[in-house]
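The structure appears below as structure tokens.
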């Protein structure tokens, strides 16, 4: 569909970031954790990214069925190439890696995630370097709140929306007037989850006994858990993700906490559930996406991923795949890789092709307005590959979110396009 | 909940955490005290112990790493925890023997700093080898089902601590006592302690030192291996656990006093309990407190709690 | 005023009294030897004076000023130098640098901020170092690495380092131990010569009675931490208590 | 057959050639002195006999009780009944006086020998006897050896050697750092040991002191034997004493 | 040195000159070393990231060139402590990270001038080094290593939680606001004319000038009495004390000096990255500088800088795949192996190895 527009486009706009592209391949940078507490998520993301590149160049998956803008023969007449880097779930490593991709490999777009601290650090760098950043898995309110940038976009929902989706389900299930206790990972993501859960559960009539920060990457939560157990609360929220989440929920069950209190893990995913095994039985939470979601895009993606890797994709994988295609489609619509134009194409774009219902990539904070699935962990006996929880409810986007001048978006100042 | 339950919980949590430090610190300390060897690769032995324990006790699915790439995605003997606990110390003991022979010997007469550096390098190599073979992502090493949940004993049942942690404390106590008796009260211990200062003179007395040395190193290593097996199910298992545990283990040795087994025990308990108490009170300061304690102890008693001041030459 | 004085000096190790109410005084320019049976407390006394050990009680005064509470290097700065028994040198440095280190300390104090001065500009230090090396006969070897020196020369350098610190008082604990009679002779000559030239005061600890009686102005005898006799060599030779505690039947 | 037979030994420290074709014999029961000035090679000779490394013995043989012990590890040599009082005393600083004495007996315990051949026949001195001979050590039983005075350490080093089962005792400057009175005590002890049948090879720089108790003497210079004869012969040989011993 | 009278005469004219011009006058080889360093610094980014053919082989890039210099300064200072005074610190992350936070906070609240930021960060690091040195220098060897490690970890955990309101905790410090150099030149902008080809950005030029000054300072320190005293203390501490040197204060001084270099480097790091990650205080950062220094060669001025280059090269280029796809996942393993082999076989590191080779070759010719 680009029809040679890419080559001709080079003279249309001034140099900016890595635009114009030299040669006839455009390179994407995949900056994912391959070590550290979120390594499992990162590995799955990388698989999805590679699948996306394959589909962009050779057709297949959503490129053929869901994204009309994409041709399956590269983007804007450029073949797509990619480089990857290991963020080690560490902001500094991630920035070094992103900076190498931008400066040496001259990538036209960076994507990646798992850890909001990393995403925030990298998107700030991308803003400076005028290179679009498609945030993959980052769930902190701040990513599109106080730390938002013009060059960053987020498909994933955030902690605020998790709170909105989860609170009614929890009060329904466990009753009113309960006391809850939170352990949260001590960084941007955990802090905003703690904040939002507190806000919405308190609004629903529950009372927070205490909330305690635990360092990211803690491996033994026993002391923290004992404190929680002895606090007399009815519900324990474990605001931990990835490996940390799997660990804390297993240790809670090992210590017998589930006998006296209800456990909640606000943000879940498949690798976590797999690692925690029996411990997740009956535990509520939200997920980015799940292979059990029954709609065409979801099932197509599941199929494509399974065909390629013979395994079931996780939520982060769906995000990775979707974000890559979204960027490519925006470039096609803009007719150029010139970043400000691509950004303008993404802003306020409405779509319904990634399996999470109709969505808008909101222009005021670059936060996708979308549905949030609420799930509950299955007993070990009912677990199977790709099936660790039942979907309780897919909360519609109309029941979620906040206005451009409210909630996290109220603190967002996007910054410049770079062509002003 | 009543105050005394809370206090006991905190204390037990502290003891359990301290137990892992103690197992590592005692090994480090006797190696440092007798062979005068600074082993920054002790964490690597812990790492080996954990993976060995996991693969003996359970079957695991690898999701990344070369082994998985080569088709060994499903790995492990699945023999259960008791066999793991019995076999692993021997495995790591043998690794220790090899290490004594190939690393400690050549570096025995090099400066402390060289020993630290070479073992630091080895620690990195071991960690990265595990990463290469088993992948970076954590493997689940669950606590045995018979040790999950609080023990079904009248009083302890009310304390939110799993039975496994009681086993950890018990196993540590027994092993450390055995090692202590061995070093303090046997000929073996005497020879080893003498060799600390002047190995050649020991040989001139007709005593061959190579074997006692190897045995000391092996014992230290085996203790690290045991720590790996008992500590593994308390933490997620991944290649970095070895180097992460090394820092507190070394601190334990130093605040307890190099070469002093009792000191290592005291240091480990102090560390574990301090940490547990701080988590229960000012959790933001829990980690800071650990290092602050270490710093204070060393400032007041540079030779460590039970260490002997250096004998004047 | 005596150059060095100790007053009721006591040092205890646990229950053991190694130095017991010792009152010692050394006049400027004097040569004093301390003798006594093994474990009498001689080395302990020297270590107290050089501040390697803290006294349990009592006082040590150098040039009238109490040095208890000073650090070892401060005591050296005041003019107390010690030669070590086994050659204690900086073996990776050249002979010249060995001497320069000591000279630097005596010329510029125990610590200075002269870090931006190039070494070449410290002419005073070079001079002292050269003079000292000359005095101990090592000037022609100045650029050799100290570790390459033969043992005898190392001992020489050792004494050279002690001298380059320009001390007023030199303490020597068994300086000739392990030396052959010849070497001993040479060392004694060196010391005497240095004394003559630099007017040094020194305190010597020795078990070799020949040397002791030859070069001491005064001898102090210690036994079990206490001074049991004190006097000129002749007086000591005749002292019954000394015979009994220390010399045994040795013929002199 | 002599008890110890050092035959044409060449020993090296790295590339420096220290002992040059050195030969000496020690007969059973005698006290033999090995004299020479600093650096002559006396300590090197003792180390070559006792199997300490360095030096490296490249040529020649050392025979003990007729067996070739050249190049055997130090611990094996000790098992044959050779004990050494080394030059720098080398007591175990971190062990108590008692433990220093106890360790000397460890190698006699069969469980610690690991089936190495042990042919020592000498009797080990009893601990009571040690404390009787060196009352100073008795007073300091539980003190760490590192904090002993120089002379006390020397006594301990000698006592430790005597606690081994000794057929041949190698003494490297045993009087160094000892008060004159203790020197007498040690001399007496050496004579008594000798009377009990232990053979002694005594290294000294001080010829006078050695001649007092020695039956026979060797003088070495630059790693080679330059004099060999009875103690009386040496006493009368002014030239040798002046030339090689500096007296 | 061999020509005794000439050296003395040299010294005398020098000192009278020094009185008038000051002690900053280059002496001996200093001018030559500085010139050579300046030349290398001037062509490095060009060769590394822009020179035809060569840069394609090397796969370098501008920002890595800058980063190498920054870590080089850090390692150089570290070696003054490890290589000369013989103290192995495992806590230098405290100075690097501390300075980075200080410079960052300074830029947010006081001034974003790069020069002032470097000053602020360095002053902080020096004060911190003074304080921590005071506490940890009570014992050497392993105790010192562990004590420094403990204090640095304490700082890490302080900023991760109790001080998170300043440092941003795990999120890192994001409030850095760097202003233009001299109020004129944005650091990331390109230099004029041929300088652009050679040096690239103002940032590089700024870092390179500071690196040059650091090399000069390091060289001077080593050739001042301090250099000699440091070596003497490492050799024989007791003897040094007994010639009347205050060993403790010299050690403290060498600790502070290396803290100074770490501070300069840490401040430049925040200027370069406009971000301070929490991990800059973590003990692995200390471990990295140890590896760099040893790899490059302890006891030499330039070895550690080379080590920093090699380390960062492997970390950033080799790990990044192309053209090292085959070994990329194992970059850390490779570094570990190289590190161990270095200690085992070439204890004097890469630099020492090349010097030995050079000596061997020239020695062979003689």
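For reference, chains read A, B, C, D and E in written order, and residue numbers begin at 1 within each chain.
Rule of thumb we're sticking to: contacts are C-beta pairs under 8 Å (C-beta built on N, C-alpha and C of every residue); 3 or more make two chains touch, one makes a residue touch a chain.
What you see is a predicted model, and the numbers here were worked out from it, not measured in a lab.
K.L.:
Find out how few touching-chain steps suffice to connect chain B with chain E.
P.N.:
Tracing touching chains, the least step count from chain B to chain E comes to 1.
K.L.:
How short can a path of touching chains from chain A to chain D be, counted in steps?
P.N.:
Tracing touching chains, the least step count from chain A to chain D comes to 2.
K.L.:
Let me check something: if the centre of a chain is the mean of its CA atoms, which chain is farthest from chain A?
P.N.:
Farthest chain from chain A, going by C-alpha centroids: D.
K.L.:
Just give me the whole-number Å value for how far the CA centre of chain C lies from that of chain E.
P.N.:
43
K.L.:
Any idea how many Å lie between the Cα centroids of chain A and chain C?
P.N.:
That gives a centre separation of 76 Å.
K.L.:
Counting only Cα atoms for the centres, state how far chain A is from chain E in Å.
P.N.:
39
K.L.:
Taking each chain's centre as its mean C-alpha position, how far apart are chain C and chain D in Å?
P.N.:
31
K.L.:
Hey, what residues on chain E touch two or more of the other chains?
P.N.:
Touching at least two other chains: 157, 160-161.
K.L.:
If I count partner chains per residue in chain D, which residues reach a count of at least 2?
P.N.:
Where chain D meets two or more other chains at a single residue, that happens at 147.
K.L.:
Quick check: what residues of chain A touch more than one other chain, meaning two or more?
P.N.:
213, 215
K.L.:
Which part of chain A faces chain B closely enough to touch in the complex?
P.N.:
34-37, 39-40, 43, 212-215, 219-220, 222-227, 229-230, 232, 243, 246-247, 250-251, 253-257, 259, 271, 275-277
K.L.:
Mind pulling up the chain A residues that touch chain E in the complex?
P.N.:
The touching residues are 83-86, 90-93, 95-97, 99-101, 103-105, 116-117, 120-121, 124-125, 128, 147, 185-188, 213, 215-216.
K.L.:
Can you list the residues on chain D that touch chain B in the complex?
P.N.:
Contacts found on chain D: 50, 52, 73-75, 78-79, 83-84, 86, 90, 92-95, 99-100, 102-104, 106-109, 111-112, 114, 116, 144, 146-147, 160, 164.
K.L.:
Going by the contact rule set out above, which residues of chain C touch chain D in the complex?
P.N.:
13, 35-40, 43, 150-152, 174, 177-183, 185, 207, 209, 245-250
K.L.:
For chain B, which residues count as touching chain A in their complex?
P.N.:
The contact residues of chain B facing chain A are 1, 5-6, 9-10, 13-14, 16-17, 63-64, 131, 135-138, 140, 142-143, 148-150, 160-162, 164-165, 234-236, 238-241, 244, 275-276, 279-280, 283-284, 286-287.
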